[in-house]
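Labels A, B, C, D and E are assigned to the chains in the order they are written; within every chain, residues are numbered from 1.
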Amino acid sequence: MRTIVQSIEGSRAAAERDLAAARAAGDAAKAAAAERRVAAATEEATSLSARMTELSDTAAALQARFEATTAEEPLGVTVPSLLVAVDGGLVKLTRIGARDAAGEVLLPLASGGATAKPGDWQLVTYLTPATNRKVSDQEIAWLEALRDRGMVENRFNTLFFTAGDSREPELAGIRGALVGTSLTLLVTLVLCLPIGVAAAIYLEEFAPKNRLTELIEVNINNLAAVPSIVFGLLGLAVFLSFFGLPRSAPLVGGLVLALLVLPTIIIASRAAIKAVPPSIKEAALGVGASHQQAVFHHVLPLAMPGIMTGTIIGMAHALGETAPLLMIGMVAFIVEPATSITDAATVLPVQIYLWSDLPEIAFQAKTAAAIMVLLVFLFVMNGAAIVLRKRFERRW
Amino acid sequence: RDQIRIVGSSTVYPFTTTVAEQLGKTSGVKTPVVESTGTGGGMKLFCAGVGVDHPDATNASRRMKKNEFEQCQKNGVKDIIEINIGFDGLTLAQSKAGPTMSLTLGQLFLALAKEVPGADGKLVANPYKNWSDIDKSLPNIKIEVLGPPPTSGTRDSLHELFMEKGAEQIPALVALKKSDVKAFDKVWKTLREDGAYVEAGENDNVIVQKLEANKNAFGVFGYSFLEENIAKLKGVPIDGVAPDFDTIASDKYKGSRRMYVYIKKAHIGVIPGLDKFAAEYVSNKATGEDGYLAKKGLVTLPKNQLEISRKNVEGMVPMTADPLS
Amino acid sequence: MNSMVQLDSATAIAAAAAVAGNPVKIVAQGVNVYYGEKHALRDVDLDIQERAVTALIGPSGCGKSTFLRCLNRMNDTIPACRVTGRIAMDDQDIYDPQLDVVQLRARVGMVFQKPNPFPKSIFENVAYGPRIHGLARNKAELEEIVAISLKRAGLFDEVKDRLGDSGTSLSGGQQQRLCIARAIAVSPEVILMDEPCSALDPIATAKIEELIDELRENFTIVIVTHSMQQAARVSQRTAFFHLGVLVEIGITSDIFTTPKDRRTQDYITGRFG
Amino acid sequence: MNSMVQLDSATAIAAAAAVAGNPVKIVAQGVNVYYGEKHALRDVDLDIQERAVTALIGPSGCGKSTFLRCLNRMNDTIPACRVTGRIAMDDQDIYDPQLDVVQLRARVGMVFQKPNPFPKSIFENVAYGPRIHGLARNKAELEEIVAISLKRAGLFDEVKDRLGDSGTSLSGGQQQRLCIARAIAVSPEVILMDEPCSALDPIATAKIEELIDELRENFTIVIVTHSMQQAARVSQRTAFFHLGVLVEIGITSDIFTTPKDRRTQDYITGRFG
Amino acid sequence: MSLVYFIGLAVLVATGFVLGRNRATVASRTETFHSRPHYHGAFVVVSVLLPMMLVFMIGVPIAHHIVETRAIEALDPNLLDDELRRGAALRDIVAVASGRHTGEVSPALARAAETWSSLRSFTDGLILTAGAVVGLLGIAYGLRAISAGFRARNRVERVVKVVLFACACVAVLTTVGIVFSVLFESLRFFQKVSPFDFLFGLEWSPQTAIRSDQVGSSGAFGIAPLVVGTTLITLIAMVVAGPIGLFAAIYLAEYASPRVRSVAKPLLEILAGIPTVVLGFFAALSLAPWLRDLGQGIGLNVASESALAAGLVMGMMIILFVSSLSDDVINAVPQSLRDGSYGMGATKSETIKRVVLPAAFSGIVSAMMLAISRAVGETMIVVIAAGLAANLSFNPLEAVTTFTVQIKTILVGDQEFDSAKTLSAFALGLVLFFFTLTLNVIAMQIVKRYREQYD
């Protein structure tokens, strides 16, 4: 800082020289500018040296506090916590002097504090001041005591998989969401796979090729681009308001998600069916198979890998979707796992979304764990589909 | 339907769910389903009508608006019990690693408003880039405030609690208010859109994490998030008062706001447990000074105000349109 | 190259005489086929006799396959293709909208020009037809049908150890014989064969020709071939197509010895093109 | 059926004599091919002479196509296929890992057994090779190459008005000739033809045979055929395969008149199978 | 009841099938039948299934209505008009009737419950009987129809075809539903804001109109910034996903060994299932700060919620749409075409470029369109990562906003009734719908022009 002040002084000197020169030369404008610079530099230098004095005063005061032998230092919540382990108990220092220290007892001393020998104690320091953490010193003390008695253990949290949602992070579990997800996706799969494949077959094989089918085709492609939340609006309007189905139910969620992924499955299935060479179909027709037999016996099995891919992508999409469920009431706090598709339930991504928005920090770990569970779910689901797909794959 | 259904604000959601869970655990009533739909969305559902197809209660991070009340009446939701459950503090927070600051509402207004009075008192587009442009004593860093989008209830609070009051601290605008209220309203209701104010979506934890990543940025969110993340964040004192439990509860802190739960009287006795739910909410062990909601970060009501809420519940006193705006 | 066809006149004429009295199975009248703009067949009038072999010959691209495909409405699968005129089988118009085209195809089997086995096992390829038509009451019967069909097509010995292999892993000629086996497995009344021996060596060809001769006893056969020797050997009646027009049809021996049309003569003597 | 082959002995012998002194282009030594478990070719030793036509004959499924596909390493594309032994072209081992298989295939062209036109226009089908090898400097040259190739394959007149139509909309024989035109458009040193005339009528066949005769002046040709007449007509040397074994190779006229092996004799006299 | 009904249905269907098939089998020993026996069986199934479903679907709601009305009438006729109490009363009645009711039961309630259960068992019996009769009639009809000339297969196939058609219609109905669920609200919006301003306005700022009591609530509904933002982010996403996805597909289908392929493809597909919320966090919390620092390093000013970050992550997500679907269609191109090309001396890359890809073109375009559609329609990533700043800017380093973000925030947030702002979400949905429709029509024309049918 001193050097900064010196440099400022230097620049002021330079400015003053300029000023003198300008005055000598009678250049009024230049002189004025130089004058301003001098003024600025002066002001800066003054304010800085004021700050310097202030700082050195503080330093001196601290030094004095440090050196004073009789003075006492109170330890508040804004400084690191000093704990003394002595005589089987724990004491938190609240005041420290040159010779002695005072504190409050966090854990009772074994002998009531009478017999602690000099040197028979240990100082424990927590650098983070108490104001800056969620855990109080008392809580730390209890935890340590329990740990010493071997009553604290670290083990796998099975509760996480067996409990429903809760507002207490320690109790919150994923079971409700898992059940909800399974039910919802089941409904989705049962609806969208047959309908999607059937629609694809109709459009690719049986529909007359005209404007109308073209329109349907464009329509389906377009559906894929409709924001998922709009499907939520649709679900709200149709399934909840019109058909009067229950809110928050996996049934409705499954229906909405089925509509959402339908275009994906139809598009993928159509592409797959289209890719089967016509000669295969002709061969079947040639031995007297009906068009439908040719399609179901030959074209469909050959198109299966593509259909499976579409299904995998579609179901994965459904698995990760939150927005449409918002409109039909599945973004909710639901404790009891659903037992049927008409019970209120929530799903994994929603659970993640909800937990991620809660203030308790412990929920962030829960959120991460829930994401892992979701990924595992995805792996299992895709794994099954992929094994199936491999059985159909062949090149001709 | 034998299960209570509640919709509404995501700000009140953490508290209502806690109460719901307690109710489910202790009273044998089936745990209510609590949806997080946002205050307005909740109001819309709530006011759509009575009957098993409609929710029994809604959470709100602000008071019901007059037109919402009217909508309710129109749809046959006649008697509504209003419960004021406590306060939330609207806080301006920053990373612990950031420079220490203290702001007046006027300074905050100047930092966030789209238009501010220029040198001649006329409104000009907000010219302030750095905090130090507003006041020399403030640090020389870029103004970057992350806050709620216009669709959120917290945003309403930001306008009403900070911006309006802030505008009133500026003489040129006080003059304007006298001459042209509409113009004045427009000023405090419009935030700047040049990047200094960043609309960060509904998820407050995202703002928290963004603040951690960027020590010069500030965030606007509810007090419970500040409290929970006190290890990483600090609240910026407003008009010299830092946000904490006491200053919010005592209304000393300028950013304190009230939160409400609205219940349909018509559903009480029809939906099993709804009365118990209301009673639980205003009970001492929930919203009392040391109740479990306080542990969840709710700034509880002073005794006398809690009494009012309790009376509302016990007497099933329906609200009227008068105090609403 | 002078006359490219040697007729064993005596046997051929005898065979022709034997079928001369057979009733007509299929009648085509004024058949026109268009592929979009292209007019591929013009005003074809043709009778096909029952229990006889009719050969369709003509230069490449003259419309033989097209005509063949009209007979079991295989052209329906080509979107651009349009057929007019009348084709009747057993006095029943096969283009009648009332008609069940599937049943038609079950009665009129087809072997395609390009071998197109299903990408399934050899066994499944042959078993498919009998399965969908319920020709076998049990597995043993089905296996028998498959074995017999493969034997008749002269493929059985080559593939009997690998009936589970994919039909597409066979050699070109084997695929062709597989397709023949597949077609005869359902015992259709009429069998349409589009160059069934094109990928076959003389011995395999001879076997197929023997098969055709044998099938003729009970079935009606229409065969497209580019080999005039083959036409002469296996057919009783021959139709000569040229540029989409049916130039001439008659007893095979007549066509090859005393053609009426100049173009036929030019073609069979190789003076053509 | 006695001898199925009539040799125009004088010309055939003359042709054979003319190429007798030609150097050897391709040498195959101890070639074995396996399709997974199946042992499709056993210990084949075969020389192919430059600027001559070598015919591969034998019953269906004996390994002719397999051997042909070894010569330009087309078997690489079948995952289950494994080739051992040595095949050298111009003294260069073509199975050398160093060797650029793409360049090899550019030098050794191929016409497949099943016509496989690209689903592109007729023009594009033929222009494909010249394009990728940069054989034409401009559009006019390219058009000329396409036209000449189509003419040589005897297809030009039939398709000249519809060069923009898809190659797959042609008749079977037309497709086959299109594939031939496609192969010769890049003027490879060696041309492998797998039953190039199987779907062709006699006139078209004659045209292709003429083409082969013409190409022989400058190129080396290996042709698989199931027609012994054709082998006799166009080839100077003939190799006879049976059950994956090369039974006999020699001057065509010798093979057909004085075969050394019993099996060959049986086959060419049709006593076989 | 429903359970019994459907068990009965299943039994009748099964019997019908067996009876039909067996009878046809027996009869076809002496006569040649048009259709295979199992088609006759299937026909019987159809003639049982359709009427029985019809009876159930019509009968049950009517019966329920009658039973409920009567029961409530028995309790208290006034309740009929009181929708709310009615529901509660009904619950009580059902609870009493099924013995689940706790607490005391008033005589009226008991009477009502009595009415309810007796009526209920009566109607249940009625429906069951009707179902049984109809089902048996169906079997009889189906069996009678069995004869040599009867085209059971054609009949059954016609039904199948109708079912297939109905399935195709589901997608269309969805579209119709979507259009209608946004249309009316959109029309109301356009009464408040002129469509012209909406479509051609250059400023999007719904917050200026958040309150009805506010001045100057016009002129802020121009969708240009949203169009630009959506286009920009989609473009970035496609710039990432298009080439990478296509190359990945080519690699998987043409170069990768089967082992690599069987591992890599599923791995890619996992990408589809990562909740977009998570991807959004990744974009906002990891990628965006990194990009900003990187930008600062080279002297560029990158916004914290840059379009780039959102676009890149979105691109990551849709890679697999392109790769996985394209891989399937590329794989379906017949080997003979590749052989044809290799035989000409084409390199692998030439073959892929000039033969395989053109042959797979239409499928690849489908995949791309699906990917673009997903990018346009994706919400959560952009909500979290791109933010809400409606800048009219093509600069990928700036913050932009998209249709979906606006729709989502408007719908989910604390909206108010009938304000132009709330309604604008619906209008946005509608416009987006037509925006993508146009895109799709264009894509379809392209596919039609270049499609190659191989065989």
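By our rule, a contact is a pair of C-beta atoms (placed from the backbone, for glycine too) under 8 Å apart; a residue touches a chain by one contact, two chains touch by 3 or more.
In this text the structure is predicted, and so the values were computed from the model without any measurement.
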Steps needed, at minimum, to go from chain A to chain B via contacts: 1
Any chain in contact with chain A as well as chain E: B, C
Central chain (by mean CA position): E
Far-end chain from chain A, centres as C-alpha averages: C
Pair of chains with maximal C-beta contact number: A-E
Interchain centroid distance [CA atoms averaged], chain C/chain D, Å: 28
Intercentroid distance (Cα basis), chain D paired with chain B, Å: 84
Centre-to-centre distance between chain C and chain A (centres being mean Cα positions), rounded to whole Å: 69
Distance from chain E to chain C - Cα centre to Cα centre, in angstrom: 49
Multi-partner residues of chain E (at least 2 other chains): 153, 281, 334-335, 411-412, 453-455
Numbers and ranges of chain C residues touching at least 2 other chains: 102-103, 114, 132-133
Where chain A touches two or more other chains at once, by residue number: 278-279, 290-291, 326, 356, 396
Chain-chain contacts as defined at top: A-B, A-C, A-E, B-E, C-D, C-E, D-E
Chain A residues touching chain B - in the complex, by the definition given at the top: 128, 131-134, 166-168, 244, 247-248, 326, 329, 331-336, 344, 354, 356-361, 364
Chain E residues touching chain B - in the complex, by the definition given at the top: 83-85, 87-88, 91, 205-208, 210-216, 281, 284-285, 289, 303-305, 383-384, 387-390, 399, 409-417
Residue ranges of chain A in contact with chain E within the complex: 194-196, 198-199, 201-203, 206-207, 214, 216-231, 233-234, 236-238, 259, 262-264, 266-268, 270-272, 274-279, 290-292, 305-306, 309-310, 312-313, 315-317, 319-323, 326-327, 348-349, 352-353, 356, 371, 374-375, 378-379, 381-383, 386, 390, 393, 395-396
Touching residues on chain A, where the partner in the complex is chain C: 209, 278-291, 293, 297-298, 302, 394, 396
Residues on chain E engaged by chain A in the complex (per definition of touch): 153, 157, 160-161, 163-165, 167-168, 170-172, 174-175, 177-178, 180-182, 262, 265-266, 269-270, 272-278, 281, 320-321, 324-325, 327-329, 331-335, 360, 362-363, 366-367, 369-370, 372-374, 376-380, 403-404, 407-408, 411-412, 426, 429, 432-433, 436-437, 439-441, 443-444, 453-455
